[in-house]
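Next up: the structures, one after another.
After this come two complexes, each holding chain A, first together with chain B and then together with chain C.
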Partner chain A sequence: MIELYVLLGLMIAGAVIAIEVKNLLSAVIAVGIVGLALSIIFLLLKAPDVALTQIVVEIVAVILLIRATLHREIALKSCGTRPFGAFMGILFLGLAVVAAIVTFNSLAPFGAPLMTVSQFYPMNAITGTGAINVVSSIILDYRAYDTLGEATVLFTAVIGVLTVMRSVGKKKEEDVQENHE
Partner chain B sequence: MSKEHDRGMTVIVKTVTRLTVGLILLYGIYIILHGHLTPGGGFAGGVIIALAFINLDLAFGGGVSAKIFSKGKTSVVEALGAVMFLTLALLGMKYGGFFDNFLHPDGSAGQLVSAGIIPLENIAISLKVGAGLFGIFLTLIVLQKFESEKK
Partner chain C sequence: MNAYMPYVLCMILFSIGVYAILAKRNIIKIILGVVIAEYAGNLFLILVAYKAGGRSAIFSETQVILPDSMVDPLPHALVLTSIVIGLATTAFLIALAIRLYGKYGTFDITRMRELRG
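For the complex of A and B:
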């Protein structure tokens, strides 16, 4: 268990560095540390499917962030101190911590979940679907609606990015043509 | 020296990329096709395949992979993956319900050809995810090119 706490400390340190550091490249690398530590935690908790997906998506996200932010000058605005805002922030953070402590005390202990509904899947997945990988049989057979929703979310995101970026590109092309004419 | 040698990273990076990009692509295909047997699946495998193309782009300078796999093609392939996934779901309606595993009796558990429509769904998701992420990457590069030309 001690390695989990070390990795959790690394993640928190990476997140704090990513917010506080002024250099954009350093911030992106710190975000990458958070993702890598999370992937190793998934691996230690015996979830290789999620660990693989996490590390692969993290690589893509870091590359996209570097390529999208590095050559662009983003003005850093320093916001002034707001005593009322800071007071309300601390107040709601404290309320959230109290609510979390109350909630987590009433849950089953970590590593021993309530297996009332989900017990069916590991027992029947191989004979029911023929897939050795039980995770795959759940996300693509028993809970395929979830995968459909996830695919829809990604589809919408891609369409949004393509649409937003395309309008800029097309406008520029027209400008170039007008200049030539 | 031709024009291609001036762009991108150093010769070392280009040589290593030339050697490894095929292996990365092969690993992605393996992850997809064995999604019902080993950890992984359509999502992770699709992202690995997109990463192989992104790797080419980073090493050889912008626009190399766009010649192999243009932005229009990514849109078509992504839509094709979505349509394939929905078609598999709708075909199940004939046999019992939405997302019914109608091919299940084919093959025995543990074989590559088994688990009914789950491998096919993995392939559909990989097409969708890989083409979608690569399309996002291409769009950001294209936008950057326009902005650098403006300056």
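For the complex of A and C:
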């Protein structure tokens, strides 16, 4: 599994570059490195459906972020750091990483998952739903309400974005009445 | 190598994202931190689901595949949902950032103190 460690190291390097580089456009491209390496990791971990979704989502997210940073004067604006926030962040995140390393010892080791709950799905996917892809049998049959909720969140977010980005504000009532007269 | 090493690297990636949220002043950097932390969360669930030597959770009509040889399919299905919701929240954050830039002319959150009606 050496390639997994190489890709994880690439992701961490890309994340550090994205956070620390001055030029905002370069930072957005570095996040693209992180997301595409993540989709290759998903392929290595035998999750092809997740990898396909990750590629599509990553490209759309990078396009949106480029749209936000495309102006000439925006991209070169230097970004400062809040010194107190940086100090406290490094202190407590270091503590959190140490605590997490201790906590991981109670998890099942990497490569040996607990299958107590999810043993049911591969056993019954074909006889229960007729789908040969177990993941699609879960998202479209066993947990279809989950997917419905996901679609609801997606449309709510689209409506929110349209509301925030609407260029023309709501007209005042007097103006509307004047226009009618 | 330690059996928990991928989890630790994933936790470091998450910490980088949270550090950006806590310490940066530029709102685009904060959004990038949110995105990175979200990727690390998804990656952790997929790492937990991996079975050494396992194969992807797809049966075949031409060859016999035992259910015991598959990786855990349940986190894959939940992470699919989580990725799409992450894109939706990222898009909303970017829309808010663009509007804030149009109103205040800066991405610096310390200069957005005064409210304008």
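One rule holds in what follows: the second predicted complex is superposed on the first by the 147 of 181 C-alpha atoms of A that agree within 3 Å, B and C clash if a C-alpha of one lies under 4 Å from a C-alpha of the other, contacts with A are read in each partner's own complex, and residues count from 1 in each chain.
By definition in this document, a contact is a pair of C-beta atoms (placed from the backbone, for glycine too) under 8 Å apart; a residue touches a chain by one contact, two chains touch by 3 or more.
Model, not experiment: these values are computed from the prediction.
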| item | value |
| --- | --- |
| A:N23 touches, of chain B and chain C: first, second, both or neither? | neither |
| Contacts of A:A112 with chain B and chain C, given as first, second, both or neither | second |
| Touching partner for A:V161 - first (chain B), second (chain C), both, neither | both |
| Dominant toucher of chain A (residue count), chain B or chain C | C |
| Partner chain in contact with A:I12 - chain B first, chain C second, else both or neither | second |
| First (chain B), second (chain C), both or neither touched by A:G130 | first |
| First (chain B), second (chain C), both or neither touched by A:Y121 | second |
| Partner chain(s) touched by A:V97 [first = chain B, second = chain C, both, neither] | second |
| Touched partner set for A:D141, first chain B, second chain C, both or neither | first |
| Residues of chain A that lie at the interface with chain B and also at the interface with chain C | 48-49, 53, 57, 60, 64, 67-68, 126, 132-133, 135, 139, 147, 154, 157-158, 161, 165 |
| Touch list for chain A against partner chain B, complex | 48-49, 51-53, 56-57, 59-60, 63-64, 67-68, 71-72, 126-127, 129-133, 135-137, 139-141, 144-145, 147-148, 151, 154-155, 157-158, 161-162, 165-166, 168-169, 172 |
| Interfacial residue positions of chain C with respect to chain A in the complex | 3-13, 15-20, 22-26, 28-29, 31-33, 35-36, 39, 42-43, 46-52, 54-61, 67, 70-81, 83-92, 94-99, 101, 106-108, 110 |
| Of all residues in chain B, those that touch chain A in their complex | 31, 35-41, 43-44, 47-48, 50-51, 54, 58, 71, 75, 78, 82, 85-86, 89, 98-99, 101, 104, 107-110, 114-118, 121-122, 125, 128-129, 132-133, 135-137, 139-144, 146-148, 150 |
| Of all residues in chain A, those that touch chain C in their complex | 4-5, 8-9, 11-12, 15-16, 18-19, 24, 27-28, 31, 34-35, 38, 41-42, 45-50, 53-54, 57, 60-61, 64-65, 67-69, 74, 77, 79-82, 85-86, 88-90, 93, 96-97, 100-101, 104-105, 107-113, 115, 117-119, 121-123, 125-126, 132-135, 138-139, 143, 146-147, 149-150, 153-154, 156-158, 160-161, 164-165 |
